[in-house]
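Note sheet for the following structure.
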Amino acid sequence: MRKISYSEAIAEAQLQEMQRDEKVILMGLVQKDPYGSAFGQTKGISSVIGEDRIFDMPISEQGYVGAALGAAITGMRPVVELQFQDFITIAMDQIVQQAANMRYMFGGQIKIPLVLRAPTGAYLAAAAQHSHMLESWFAHIPGLKVVLPSDAADAKGLLASAIREDNFVLYFEHKKLYDKKMDVPKEPYTIPIGKAAIKRVGKDITIVAWSFMVSKAIEASQILEKQGISCEVIDLRTVSPLDEEAILKSVAKTNRLLVVQEGYWNSSVATSVSALVAEKGFDYLDAPITLITAKEVPIPFAPVLENYVLPQTNNIVETAQKILNKI
Amino acid sequence: MRKISYSEAIAEAQLQEMQRDEKVILMGLVQKDPYGSAFGQTKGISSVIGEDRIFDMPISEQGYVGAALGAAITGMRPVVELQFQDFITIAMDQIVQQAANMRYMFGGQIKIPLVLRAPTGAYLAAAAQHSHMLESWFAHIPGLKVVLPSDAADAKGLLASAIREDNFVLYFEHKKLYDKKMDVPKEPYTIPIGKAAIKRVGKDITIVAWSFMVSKAIEASQILEKQGISCEVIDLRTVSPLDEEAILKSVAKTNRLLVVQEGYWNSSVATSVSALVAEKGFDYLDAPITLITAKEVPIPFAPVLENYVLPQTNNIVETAQKILNKI
Amino acid sequence: MEKSIAQQIYKKMYAIRVFEEKVEVLFAKGELPGFVHLYIGQEACAVGVCANLSPEDYITSTHRGHGHCIAKGGRLDRMMAELFAKKTGYNHGKGGSMHLAASEIGILGANGVTAGGVPVAVGAALSSKIQNQGRVAVAFMGDGSTNQGTFHESVNLAAAFKLPVVFAVENNQFGVGTRFCTISNEPDIAKRAAGYNIPGVIVDGMDVVAVYQEAKKAIEYAKAGNGPTILEMKTWRYRMHFQGEPATYRNDIEETEWIKKDPLEIAKTKLKSMGLLDNAMIVDIEESVQKKLDEAVEFARNSPDPMPEDALTDLFA
Amino acid sequence: MEKSIAQQIYKKMYAIRVFEEKVEVLFAKGELPGFVHLYIGQEACAVGVCANLSPEDYITSTHRGHGHCIAKGGRLDRMMAELFAKKTGYNHGKGGSMHLAASEIGILGANGVTAGGVPVAVGAALSSKIQNQGRVAVAFMGDGSTNQGTFHESVNLAAAFKLPVVFAVENNQFGVGTRFCTISNEPDIAKRAAGYNIPGVIVDGMDVVAVYQEAKKAIEYAKAGNGPTILEMKTWRYRMHFQGEPATYRNDIEETEWIKKDPLEIAKTKLKSMGLLDNAMIVDIEESVQKKLDEAVEFARNSPDPMPEDALTDLFA
């Protein structure tokens, strides 16, 4: 199999879906070639498909996300992109008050085959306004599905599913993953939305993670394995709806839960995973549920500060050791 | 003591703070008399203070919240109002990317003595776009303090604190409480931000609630008391920062925790309270932590549907009975 | 104008008026839950514009949306049932007054967010253009709503891509209790068109014939691929901002002047003088509308409430 | 123009140019973390406007903000230290290039959000007006940023309340790789002023004397209580959108034409012909700036990193 990067996988999924269904259109900043999006996520598409279904937008996030919604409910299947997830703050009315409510509020009259893509995350010295992980906000809102692929193969299959889905899907790509290459099948394929994946089988402790944190959890597991601690790493893939079954099943086996989240603690997906297990898997637990998250400050610019604020592999290793009383 | 309503208490706090400090200004839709805000929360103020420090804004939530921020960092102490909390979706960039980050990102150069007030909540057949409880979004973001008073006396004291605070405070008023009257001291006073209040002392189970849910929790406690179940009701008052100590102390005593939240489950303050206790108070627990929240759909218009979706007193009663195995 | 159009125009204007008067009474009696914003006084705007539209064309509407819904062909019975929060309503009781939608006739929803529907209309127009469908999208909005950023973003986008949109601004000069000229420095909203190099037109929003004619031009211009127009209709709402509004803030003298320009009276006078309507037709129209309205109320009252568990349906397709 | 102002103008323009050229080299060598957007080519805009401001006046800036910071009086050493992510930087290493702020000289921050600072400037102007301080606020922004809703909301608000603001638009004709005229139907942004009944002025943004004069009028107009102006400066950025940008999309011929209009050359020629500058002064100025710049780099390199735990300070007052 050929190796391609996460951003290439994203571009490939979009190209293939556009070839498969002429209703698929792309909207966002600098989508067309030669640019092909800020991180190359649409690179090559306009050169193959032509320019009729790819729209370079003005910097009007609320307006063009709303326009994508309008197109979605009148026959198109738009994939709309924000240049950074942070700018979703500008489009919140169209996403939350309009799109998330619309089908329900209209009594099911319409479908919303809409995907919103955005680069998310930190670790790049991009400072407070370009480093957010805001998936928890959208997980909080009914009517939205929220997907965060952790590698190139997942990125391709999950995006194909999102584009074929008749509902609004938010698809958040981690900036630190764009360059990461791996084997990715060339032909189109889908990965189901709403299902977690066991990325590493283990028996002593369950580590739940998603997006960039999956690779940190796996790194930590490799270190811990050498110390005789066997970790099961669950990649949520979708943070709303949560795959409750996969989480509970793993904790039923390991009896210990560690959640690793790049974003902030309060009112987050991590606290939801904890609350789920504290309510429905309480009897499985042999130890307190522990959460590793960003520290409660905006993401600072200086790398020395940023690294201190964000979860690191060694935090995971040490915390797992502590949970298992090996420290 | 004289009885005044929650909205009168809010107006009184603002009037008194404006009299105390001429830097305090009000900005929002229809703030001046005769309107005095949509629910009367600024009623009577312009008639006493004059019109120089009260600004009726255009319907430009992002713009005028940003203007309030600009005024706050250049010497004023604005209280800026949104007509409904739902419209905060329009102002998210100025609140989250600008205001919440600004002091930190600038290395502490400025202060942000800013209060944003907004009516929140459902139970009014106002449908999906006028019924949100979005406090969890803001609790998720460092740099914001988030206050939700549950009665008129708290409303007055917490608002005075918020206005005197040199940091950005979000202050969310519940629409179902505006008309509720109670004894409220006439002279100015403050209630500390960041501290929970025990609204009812009990020993069998801790019920954590805030905003309108506090009255439902108290109602349920009264019913449960007759059945021999003694509930401790904690009113968080502030959902960020959380008063961890108050929560843990109560659960250490009762060994059981029920959280009642009007908003949605995923990535919410309720899940944070659970996660806090599952991590730091795990050994206190004699039963799973249970959460009562809105069902995962937008708030529907028809009262029969809305009531089904939202937490009701009888849900609290039944859940508490279940937790205590009395059912 | 054809005779049949003239009759449709009067019929819809009358239907809006009596529908709203009925809603006013029902709401006061407590039969309708939630909030209600009446359209009385602005009938010429919705009807004058929508008389140029076919069912395939799109509209987006506002919190004050009953008039647009009727003008675009909405059924009184399903509308009324929705206001009654019944299962037979357009939105099965999930939306209510502020969210009335009827996608099969191009009504992409009333909206509880000022200017919230405007970008949605732009997207519908984009969709029409990509698919070469020749449909136009009309975004209705009030004067107050044009101060939202989305208004600017939507107009700019539609202008740049020459999308078939009409920005139909009903300038009733107040947003809640705030007079437009106190929160905007230029009282004519149509003047904003210059910034986007598109047509901006001002028309007497109490005169349905004038609205019809200007809307016709804007819609034809859009359908011909020339892009959007800002169509500003100067008008007046005859009732409070929402039913039950506590404050009064408008000037009696001004109010009286506007009430004299009643759009229904102007419509009758003009259409009669144009030979398109006569008294007998008017009687016929009014009787038939009244009958439909009575039936609508009956239908709504007799319709079942949704079941509580229905709350969990309709979220995802 | 006074001689001292002319010299300040050339000094600041030259400082911006060499500061940015130095940053270009340092960034390429990997000495500066994060993202960097260079201001080269637009020096006349920031300097022409800010030469009319006192330290008490306010500015808000953009992602391309080094030039504004220098023009408004920012120190090269503290700026450079911030780009180096050092504790001695203006923001103690917490902000970096896109968030440079110096509140003691009225710099209310560069901004990573296009048009994000514009409403903030409006608020600073409101504050000045309430307190009768006579301060003006200048909101700098790019052409692309004017398509944000906040631009519209801010201009409308400032116009309605006659706030002392200048909307200083640097129209370099591209937002990232998108040419302005492909996403807006009217190439002259100043034309939008008509919609708000305020002055809209277009000026050659490569000519610092022209910018200075038009900005002077707008600032005096604002300080006199007349409200805002949209001041559009036509200009060109000489470098890529951000350092390391992969795509190229601008037209070579156009590029060459613009490079001929180098703002530093124009400034020298014009100021000399006006008798405000001579070759000796130029040499002096350039030498003194170069020295300061070398010291700034030295200072930044030798400054300490923040301590990890410093990350937890500065959140709340």
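Annotations
So that you can tell them apart, the chains are marked A, B, C and D in the order they are listed, and the count of residues begins at 1 in each.
Everything below uses one rule, namely that a residue touches a chain if its C-beta (ideal position, glycine included) is under 8 Å from a C-beta of that chain, and two chains touch if they have at least 3 such contacts.
Predicted model only: the values in this text are computed from it and were never measured.
Averaging C-alpha coordinates per chain and comparing to chain C, the farthest chain turns out to be D.
Averaged Cα coordinates give chain A a centre that lies 40 Å from the centre of chain C. Spacing of chain A relative to chain D, judged by their CA centroids, is 36 angstrom.
If each chain is reduced to the centroid of its CA atoms, chain C and chain D end up 45 Å from each other. For chain C, residues that reach two or more other chains under the stated contact definition are 91, 93-95, 99, 111-113, 116, 147-150, 152-153, 156-157, 160, 182-184, 315.
Each of residues 57-58, 60, 62-63, 86-87, 90, 93, 97, 104-105, 127-129, 142-143, 296-298, 300-301 in chain A touches at least two other chains. Arrangement of the chains shown, judged by which pairs touch: all-to-all, with no pair of chains left without contact. Partner chain D is touched in their complex by these residues of chain A: 29-30, 34-36, 38, 40, 56-63, 83, 86-87, 90, 124-130, 295-298, 300-309. Against chain A, in their complex, chain C makes its touches with residues 58, 60, 89-95, 99, 101-104, 108-109, 111-113, 116-128, 130-131, 137, 149-150, 152-154, 156-157, 160-161, 313-317.
Interface residues of chain B, counted against chain A in their complex, comprise 62, 86-87, 89-90, 92-93, 95-97, 100-101, 104-105, 127-129, 136-137, 139-143, 239-240, 242, 263-272, 274-275, 277-280, 282-283, 285, 287-291, 296-298, 300-301. Partner chain A is touched in their complex by these residues of chain D: 33-35, 85-86, 91, 93-96, 98-99, 111-116, 144-145, 147-149, 175-178, 182-184, 246-249, 305-312, 315. By the touch rule above, chain D contacts chain C in their complex via residues 147-153, 156-157, 159-160, 162, 182-186, 189, 191-198, 227.
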